[in-house]
Structures are given as structure tokens and as C-alpha cells.
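Okay, handing you the structure first.
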Amino acid sequence: MKSVRIGLIGTGYMGKAHSIAFHAAPAVFPLSARIELAMVAEVTPELAAEKALELGFQRSTGDWRVLVQDPDIDVVDICSPNYLHKEMALAAIAAGKHVYSEKPLALSSADALEMVQAAERAGVKTLVGFNYAKNPTVQLAREIIANGEIGEVVHFRGTHNEDYLADPNTPHSWRLTRELAGSGTLGDMGSHIINMAQYLLGEITELVADLQIVHQQRPLAQQPGQFAAVENDDQVHLLARFANGAMGTLESSRIACGRKNGLWFEVTGTKGSLIFDQERLSELQLFTYQGATNRQGFRTILVGPEHPDYAHFCVAGGHGLGYNDMKVVEVRDLIEGIAADRPMWPDFRAAYQVNRVLDAVELSHAEQRWVKLAEIGGA
Amino acid sequence: MKSVRIGLIGTGYMGKAHSIAFHAAPAVFPLSARIELAMVAEVTPELAAEKALELGFQRSTGDWRVLVQDPDIDVVDICSPNYLHKEMALAAIAAGKHVYSEKPLALSSADALEMVQAAERAGVKTLVGFNYAKNPTVQLAREIIANGEIGEVVHFRGTHNEDYLADPNTPHSWRLTRELAGSGTLGDMGSHIINMAQYLLGEITELVADLQIVHQQRPLAQQPGQFAAVENDDQVHLLARFANGAMGTLESSRIACGRKNGLWFEVTGTKGSLIFDQERLSELQLFTYQGATNRQGFRTILVGPEHPDYAHFCVAGGHGLGYNDMKVVEVRDLIEGIAADRPMWPDFRAAYQVNRVLDAVELSHAEQRWVKLAEIGGA
Amino acid sequence: MKSVRIGLIGTGYMGKAHSIAFHAAPAVFPLSARIELAMVAEVTPELAAEKALELGFQRSTGDWRVLVQDPDIDVVDICSPNYLHKEMALAAIAAGKHVYSEKPLALSSADALEMVQAAERAGVKTLVGFNYAKNPTVQLAREIIANGEIGEVVHFRGTHNEDYLADPNTPHSWRLTRELAGSGTLGDMGSHIINMAQYLLGEITELVADLQIVHQQRPLAQQPGQFAAVENDDQVHLLARFANGAMGTLESSRIACGRKNGLWFEVTGTKGSLIFDQERLSELQLFTYQGATNRQGFRTILVGPEHPDYAHFCVAGGHGLGYNDMKVVEVRDLIEGIAADRPMWPDFRAAYQVNRVLDAVELSHAEQRWVKLAEIGGA
Amino acid sequence: MKSVRIGLIGTGYMGKAHSIAFHAAPAVFPLSARIELAMVAEVTPELAAEKALELGFQRSTGDWRVLVQDPDIDVVDICSPNYLHKEMALAAIAAGKHVYSEKPLALSSADALEMVQAAERAGVKTLVGFNYAKNPTVQLAREIIANGEIGEVVHFRGTHNEDYLADPNTPHSWRLTRELAGSGTLGDMGSHIINMAQYLLGEITELVADLQIVHQQRPLAQQPGQFAAVENDDQVHLLARFANGAMGTLESSRIACGRKNGLWFEVTGTKGSLIFDQERLSELQLFTYQGATNRQGFRTILVGPEHPDYAHFCVAGGHGLGYNDMKVVEVRDLIEGIAADRPMWPDFRAAYQVNRVLDAVELSHAEQRWVKLAEIGGA
């Protein structure tokens, strides 16, 4: 059995989540290859060595370029801050590596397109970490829609709201600068709900958006009494039209008091509706008009072994999946994509479609008008 | 004790709801006047007589103009289709009557303004049936906001969605014509969520909207095999800015499968959040950061005697209010407004503010642009 | 159209709820008789006069015996404390009146049986205020069970828990004495959940119970620093067997922190399940195995016009019923029972069955053993 | 860094869950030892070899006695059917191994006691797989109780209900025989809710129980048209008294239509209440009387990094834990117990306390009476 050798760049929140998934995936799914945790790159050799030990990787380096060039690595897994994705991915592609990157793919759709083209020219495989679409419950939602069980989709309402910056005294960070993060909640969580909308309904063709920086400045953690300006959006709203004619509203906020993982959507069709709430990630609510009128209602489907992928986690229904389990599905897709040459989604091209929407939102806000996606790069 | 003598025009859905409230209110609230159910007007004398008996009114007429002119009537209660509100209200005002009208007040803001001016000139009292704001649970929400308990409000998301036209085979009706109904779900249920947003946050100053007729034609009930065009919106979305700087999304649909009374809102402030769902009308969810971080969460407040108006219905908390109870509060406001000369809200002027937003939505859609409310009539 | 003339004894919590219902019922339901609010009795003539005015009754008296003897009264409505029910009901029956009594019917099953026999001998109609069974949502539950939609019922779990005595500093009252109240939460709220179990499943044939006084004494409101002993149960549990073979657990508490109207039940059959929560009184959850396995789940049915009695309150579904609306249904049953000679349920005999269970619970606890209902009086 | 070498017996539902946890745990938690997946035992060498490959173990055997005797194994992990636990555990203990066993520990409390005594004599470590108590959300519940935040606990209501045998046509299996499974749902899921009650409140001292076989026979999968008798309980109820004076009801069913993992509890204290539902395993509902009366309600705490153990899974709150994550915590406890000599709970002695309650339930039912736990073996 062959191996897929992983080189991980960045060991923060996402680096750890990927590592847990790399460990668990082979026990959960029958895979076409072994996963070999080859190397970790961090900002210093010491930190890299410590994290390699902690996360179960064989080797480590304080220079991500060394990792990218290493001949015994098949996949470069990019878990670094957003502004580094492009440079790292291009270097990895140039070295002939497959690339597994966290989202958003890039700070602009132009950058994302450059990455797409490089990967397609090089013939390497790519996967972007929009993990919420990997949830068996969400896969079930897509299956119900694709089957026509709720008729033709006419409406989407989605949010991805959290409150991690609700407190105005939370210090400034790289995430709040244009240069290092690009947009604010738009690119951070907004990219998830945009990807989700595309996964479930298809492409957005037109939109109008509004966004706002609510807390204009924040304290500098290292310089008591000093403040720095917040440069990107705290909350963003958009009205969208989809290629299939459906209307939608999408929203993201990083100051939504009380929301911890408020990725939430409702999809309405001509024959039924679906509701999903990531804070109850193992439940899908479905309404249809089947049966007697006086017995109808939204039903809560608990995800179980009759639904996509769940049976590999547990033979009994309703036992519940967790956040890290979605990354396990994503890693399965990565390994099968590479070892069994299966298509991977969302690849760089799909993630570029998210970046196009992000750009359209910012353009719409800047010019206070409806924007057609056709105005933004090429599809 | 004096009497307030009611003349009711229209005995359908709303006419019955008003009647139940007129009967129940004196047993629920201590009122400053007796309610005398003086007269019913319907489209024929026979129907009027039948309904007067059924709903407990003393007299009846097949001609609403007779009712409006009757010297022994103090309040004209208009529960007729929307397109008749203006003519009836103007006639009632001309006859010196107070007017209690169902919503939306008029088919256009120009019409609404004419009604406002007539009422103000005549010095009669007016009240418009935006009953959802009368719910003690919603009054509690407003109190929490007004107290600053959730800080400064930065965000509103509201819907009023139902599914009464979700089935494309539901026949055509007057509600689907421009002439008789004006806009579609926008004026029907959308006016409720707009009024609610204004009640909780204050005026909308700017908006951009999208709307759609999803089912372009519907069968004619009386002419098998024949169809008529649907002339007004099945679903509508808008992005709003409020005078206080807050952002909002509002939405209404009459084809939202599974929703029976989906008047729903979430209000986010800088220190907390509120969530309300009319389908669970006796609950308010409140999040604040009070107490230890690891003990925080949205709490479900069951409305009870410590909240506005509830104690008059029941001395025990959590026993639950129903739809008709909101009309009872509304009738209390009507009677106290007239008999004790208390201010009434929403009066014609407040309802006119709703009509201005309705017009702005249609203009925004027609011209595909942001519209300032200042463009629509005078404030 | 004839009249049913009501004489109300007691104007507290229940007296007011009955009054609201008497006022509203004729506007909600087509009734076979007019309701005439003839007379109120209270503990003093002054209070009686004040309450008659407030609640809309014609006459008043400070002596309930006067009311009972009044020739112009058809129904004596007993809303006094429990210990007075028997004396008042027997006097009313002796005077040939129909009796509408609050629950529990009596302080013991022996007393209840005496009342049943008196009423049956006199041929008067009786109705006892177990209002929760009048809820259209609960009627729907019964219909689903009766139709066999959940198969044969094998299990019932029910609670009626509130927290009105959770605070140990809440003062002592008549409710805490054996002489005036009989049992504690058992007779007060426990009688509701027992009646509900009987309504849905039929008779209990055997039980074993446990009960406890948690707060042994409480302060005397009028004598600072003084305490009196609590003489009846704060919480009670029982295991039951039903005549149909089903097993059940029933529970009541008056110290259940956070519960405001925790009348809750789950009914499991061989083909499905039902869940009801009075704090969300317009919702019924239903699970059946119909349809594909991977589309099953508990569905939330919002009560609407296709369900029993609801359409009289509102033509639109999901608009929500409230606590007082259940009393309106109860009053409809009272008036139709008398004016149209329809059977009334629960009458004194049905309420006696509740009292038999109450006695069995206390005997089981006293002797620490299973008790057959056959041991308690005659069925 | 030393290793803890695992020998796994049985690779079904639980064997796989343990394997996933063994793989994931080192990436989630910093552990005091490496986990070495040494050997798998199954009923044939072929199956064992296949499963070793699938689950990532080094060696395999068709004879569990070989595994137990293997000198390069430190822990024997017993995931076999219940009736084999005793024999395997005693053999493992005799060979000086630590033992990690699935629940229930044994078919009777006498057997369990024998196992406890053998383990204590041999000085080996033991851990039993009552994984639901490992959930950070449940640990939080215990912390809240232990801190006195809900006052003195006066009441517990718990269920563990599923529907895996709700269909009467589900075939007969070893689980339905006394010899191989012991009791039915009582030992299977009932043991979980009993363990949970003990974890949260302490020991049960007295109980009375009722149980029932609802479906008396089931088809034999291999012999069409043939049926075998069901020998153990489909549903069981008990009333309990705890050492601290609290009252409780516990219940388990394997025929509870619609329940997929209905481990549910409510704990009431003198100052507050807690509610937990395993089907929403990342949420805890807490009610206390803190703050203004008119702002109180049950709050939904989403488990996050400020709660026990969660931060190791994810740095962001509300992201959700899954079923397998509880086994990861359990494995952490196993490894730390052995490698760092930390106490492990629930060990064989704690699991024996569960078996004593199981025996008391069966005795209570057999003799139709209250049973004191003191009657069952020694504490």
C-alpha cells in the first residue's frame, strides 16, 4: 500500500485540526493509501520541533521553503495566515506538490486565479478547507436538494456569525489589517457561507452588499493605552441572485453576541424547505407537504448510518458528529483524490469562485450598486 | 362609566379576531370605558345581520357608508380588503369618527399621507392593527433594548414568512392584483416586519431591495382551466440602514414552505442579542455577557407576570399567550386612547412610515439601486 | 335563543380565567345558548360587588349559599379553594344546579364519590376544570393515539412541574396544610398530569409512589420570625401500569427550579411517539416510521385549522393559542353540554378517577408498596 | 517516552470506536506515553488479521487467550459481548495486565465483585467504558453541581432510550437471551444512565422498579418463519432514593420509537436546574435565580474552551464535539492512569456499583417491592 506524505505548514488552530484528522482518518475510513506525517514547518526550528513531537510528525523545519522543496513530501498542507497562502501554494506547485490549503484561498480573486492557473498547468491536485460542506448532515441537505425533494430552489438565507470580536476591548491583530487578512468577517467566515451557498444552489450571478466596521479601533496588546485602526469589516450583508434564478440573503458577522459557530442556512424550494444550524451540526430540519395536511411539520433528522459517510464514524444513528469529524471527511477526500485519483472538491477553481464573490461584495459596497459576477475576472 | 361604541366593517379573518378581542378585553383589563358593539357592516344586509348575531353586535347594515354616518358610533373599525382602507377611513374621519384600521394602512405612501393629514386635521384618534408589537414578549424585547441591556444596537435581521401561497395551484385572488392589494407579500406580511423593525430600532433611512414573482400565474377558482397573471411579489428581501447607524436585513415570503407565522427577528447590540420567533410567541431569547464566561448562553425567558401586560391575562408565568391575546392588548390601547386620551401607537402617522418603506422597496427594485427614505414623501 | 345563567364562586386566579372565557367564548364558537353572567359570590359583599363589576357579572353576594339558592342561576361555577369544593357542590346539586368545578374535585376519593353519587342521583350536569385536555394540540395527540397512528401505546412519561415554591422563603399558605388542601403538588398539579394520562391512555390499574416534603417549614407572612410546618408533598413520583398494559412514570413538583408550566408528556407506541410540552402549547412532536428511513425524525406540528377546535380561534395555522383559550374550549363544552345536552368530560365521575389515583399514591407511599386501584373505593 | 501497548479483543461497534480514539488521542491531548496498537483478537485468525490492518494494529490472533498472555501487551481492551467480560478480564488480571472493559462490567453484581477483588488483589488498573460521563458537557454539569451552583440536589430524572428494537420484526440476537446478555435494556443502556446518576449525585440507596418485555418473541434471522422468545426487558422504570436524600426516576427503553441516543437527564437543586440531552451533546441547559426575576430563563451553554477538556479538541467555543470524542477523553484517562499513575474512574469498583443497582432492579421487579441496595452484595 502506498503512502501519501504530508508536509504541514502552520500549527495553530487549523494545523492542529488537520493533525487530529490525519491521525483519525485511517481508523475511520478505508483509505487507498497510508498517511505519512512527514514534516512540520513553523516560524522557528524550535517551535517546529516541538510541534512535530506534539502532533506526531516525523521531521520539522523552521523554513517552510525547505518543506516545500523536500523530495519526500507529496502534499503541502497550508495552515498559515491568509496572506501567505499564495506564495506558499505557488512554491509548492512549482515543486510539483499537491496542495491542501485553508480558506479563503487568497486575498483577491486575481491572486486566486493565478493560483488556479498554476495548479492546472502543473497538473497537481488541490483541495481547500471549506470543511463545513463535508459534514454528513450538509451532504444530506445537498442530496435532498439534488433529488428534487424540495422542488426547485427559490430562496436561500445563510449566515456565518460568531462573536469572537464582539468585545471592543479584544486587542488588535493581523486579522484586522487589509494587508495581512484582506477583508474582515467577509473573507474569514463569510467565505464559508458563500461556499455553502454555491455547494447547495450553484453560482451566484449578481449581488448587492453592505458592510460596516462597527468598532473603529482596538487596543494594541503589547502597547498599553495605544490603539490601532480596524481596517476591515465587522459585519457584512448581501442580497444575491443565483444562476438558477433563486434569490438569497447572506450575512456574516464577527461581533454577533452569543453566536459561537453560527453557520446557519435555510433553503426554500417550491415543495419544501431545509434548515441547518452548525451549532447543532448533527441535525437537519426538513419540511415537505407529504402526507396529510394535519400531520405536517418540520422534522428533525438526526444524522445516522443511512446518510453519507456517517456509518464510518458510528454504526448507530443519532450518536453525533463533532467539528473535527468534518476534517476527517476532508482528509479522506484528500487522500482518495491523490491515491485513487478521485475528483476533489472544492479545489482551487471552486475556491476561486468564492474569491470572486468576495471581490464583488467589496466592489458593490464601494460603488453602492448591484454588481454582476461577470464583472469580476473570468468564471 | 362611559361607552366606546364600535362600528365594524368587514367580518372575515380580522373582523372575527377584533370581535373576540372586544369581548375578552373588559374581562382581562380594567378599562376606562365600556365597549359597546354597536354595528356591523358587510357586503349584503343578510350577511351583515348573520355576522352581527354571530359576533355579538347590536345592529347591522349592508352599506358601510350607513355605518360611517351613524351618530351612535364612536370608532369605525376597518377590517376590509386593503384597497378600501383609504376611502372608508376618509369617510369616517369626515364624519368625525375615530378610526381603527387593519394594516397596511394604504396602497401607497401618498394615500397614507392623505389619510394622516385628514385625521390630524380632524383631530380624531387613529390606530393601525400591527398587532405583533402588542405581544408582551415583544414589549419586553423593546424594554431590554431601550434600557441599553444589549448595548447599542448594531444589527437587525427580521423575516415574516408564511406558506399560504406555496402551492402553485392555490387559486388566484384579489390579493394577487396590483389594483386591489398593491404589493404582494411586501405589503401583507412585510409591513409587519417593517413595523417591528421600526418599533425596536427606529426609522430606516436607506435601503436596497430585491423581489420576485415566483409563480407567474395561478388558476382561476371559478373558471376551470383558466389562469390569471400574478401581479405582485411572492418574496422580497432588503438591506437596510437605520437612523441609529445599525444595519439590517428584512425579508418576507408568502411561499416559504412550512412557515405558518414566521415573524422572526434577531437584534444584535454591542453587549448582547435578542431572538424572537412568533411561532413561539411566549418566549424571548436573550444573550448577555453577564456572569462567568463559562456560564453564558442564550436564555429562554418565558413571558410572565413580571413582564408588560401579561399579569392581566394570568397570574402565573409561562402559561402562554395566544394570537388573539395580542389583539386584546391592541383593543385595550384603543379604548384607553379614546376614553382616557392616552397616545396610541401605531397611529396613522406611524403606519405611514411603514408605507414609505414599502414604496422605497418598490422603487429600489424598479431602479435596481439604493434608495434613501428621504426620497419618499415627507417624514 | 335560551340562556345559561352562571353563578361564580371565587374570583381569584381561576375565577378570572373563567370570566375571560365566558366573555370570549360566544365570539369564538357558535353556541347553542347565550351565556348570562348572573352573579358572583365572594367572602364579603364589598369584594363581591367590586369583582362583579370588574368581571362583568350582573349581581353579587357575600354569601355563596345565597348564590347556590338563587332561582335565576343554572350553573354554579366553583373556583374556591379545594377544601370547599365538596360542600359547595353538594349544596348546588341539592338546589338542582349544574356544577362546573375547579380541580381537584375533592380532598379524598371518598368525598369525590359522594359528590359523584349526589350529582348522578340529581341528574345534574357536571364538569371539572382539567383544562389542559381541552387544548387543540392535546386533542390532536389523543386523535393520533385513537387512530392507531403510533400503534399500541406501551409507555407514558408525564410531568407537571412548576417552581412556585422553589424558594424556601416563600411564605406558608393554606395550600401547605392537609386540612385545607389535602395533598401538596400531588393534588394541585399532579392531578392534571394524572387526568392527562387517563385522557390519552385510559385507566391506571396499579402504581407505586414516592413523595417528599423537601422544605419542612416555611415562614409565616404575618408573623415575622415565625415558621409553620409544611404538611404535604413538594415532589411526588410514581410508576404506573395502565389497563391496556402500558407502563408509565408520572411526576409532579412545586419546587422544580425554572419550570413555569412544565406539564409535559411523551407517549410511545409500537409504531411511533408523541411529545408535548405545555410551555410550547401550540406544538406537538410526532415521530412515525413512515417514508424512507433516512428521512425520518420527530416533526413539529404547529396546531392549525385542520386540527380540533382551532379554526374557531383563527383561520390561519401556527398563529398560536394561549392559556386562556383552553378555558374557552372548556366553556364551550359546558354550554353545549347543558344547552344541547351533549356529554361533558371530565365530569365528576371522571374527576373521581383522578382522586382515586391520588389516594392510591398516598397509600403506596404510606405503606411503601405497590397498590392496585381496585383497593381504592369503587371504579 | 514510554509506550502503553494495547491488546484489543473484539472489533465490532465498540472495537472500532476504541480504535479511532487510540489513533486520535495523541494528536488531541499531550499524553504521558505513546500508544502502541499491539494486537487484535477476533474469532478467527483471518478476521483478526483483516481487522488489524483496517484498524491499524500491528499483530493479530484468532485466540483471545494468546493476546491475554502476550508479554508485549500492557492493557487488555475488552470489546466483546457482555457474557465474555468476566472470563477475559479474570484471565487478563491473572496475566498481570491492566484492563479496559466495555460496560456493563458483568452479568451480575456477584460476578462483578469477583472481578473487582481479582483486580484489586493483583494491583492492576481498570477502566470501564461509561463514555458518556467523559463528555466535557457532562463534566461541566458535574462541576456546576459540585460547586453548589444549583444548591442541594433534590431530584434527578434520567432516561437512556433508543429505538433499535422498536420494530417487532427486527430479528432475535444474543442480546435478547439471559445467558449471553443478562438483562435487556437495563444492562445495555440502563447501565449508562445509572452510572450517570451516580456520577452526578452519588450512590442510590433504595429503589423500586418495573420492567416489561413488550415484544415477547422475534423472528430468527437464519430460520425463516421461526421465532425465539425474548428473555429480557424491553423497557424498565425505577424510582430511586439517593444517599444525599434526593429522589429520582430512571428509565431505559430499547423500543422508544424515534430516540436514537436518548440519554437525557434533568437535575433539580434547591437553587437551580440542569438539563442535558445526549442527542445535543454539546449543549447544557442551566437555570438559576441569579439576576432580575424578569430576565431569568434556562440558558443554553455551548461547550467551549473554558470548560473541562474541550480546549484540546478546538480553541473555538461552540464548534461541537461528537460521539467518538468522548472515547478520546476516555483513552486519555486510560493512558494517564497507567503511565502517570492517575486514578481512573469508573474503575471496576465503580462499575460494580452499577451492577448492584441492576441486580436491585431485577430483585425489586421479581418481588414487587422496594429494595435497599444494602441487600445486594457489599458496597
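Letters are used for the chains, namely A, B, C and D, taken in the order the chains are written, and counting of residues starts over at 1 for each.
Simple rule for what comes next: a residue touches a chain if its C-beta (ideal position, glycine included) is under 8 Å from a C-beta of that chain, and two chains touch if they have at least 3 such contacts.
Because the structure is predicted, anything quoted here is derived from the model rather than measured.
Listing every chain that touches subunit A and subunit B alike gives C, D. Of all chains, C has its CA centroid at the greatest distance from the CA centroid of subunit A. Each chain gets a centre from the mean of its Cα atoms; for subunit C and subunit D, those two points are 41 Å apart.
With centres defined as mean CA coordinates, subunit D is found 54 Å away from subunit B. A separation of 35 Å divides the Cα centre of subunit B from that of subunit C.
Chain contacts: subunit D has residues 259, 296-298, 302, 304 touching two or more partner chains. Chain contact topology: the protein chains form a complete graph, every chain touching every other one.
Residues 13, 16-17, 19-20, 22-24, 26-28, 30, 54-56, 162, 164, 259-261, 278-283, 302, 304, 313-325 of subunit B are the ones touching subunit C in the complex.
Those residues of subunit B that touch subunit D in the shared complex are 140, 286, 290-291, 293-302, 304, 306-307. Per the touch definition, subunit C reaches subunit D in the complex via residues 150, 154-155, 157, 159, 166-168, 208-210, 212, 214, 235, 237-239, 241, 247-249, 251, 253, 255-259, 268-273, 287-289, 296-298, 368-370.
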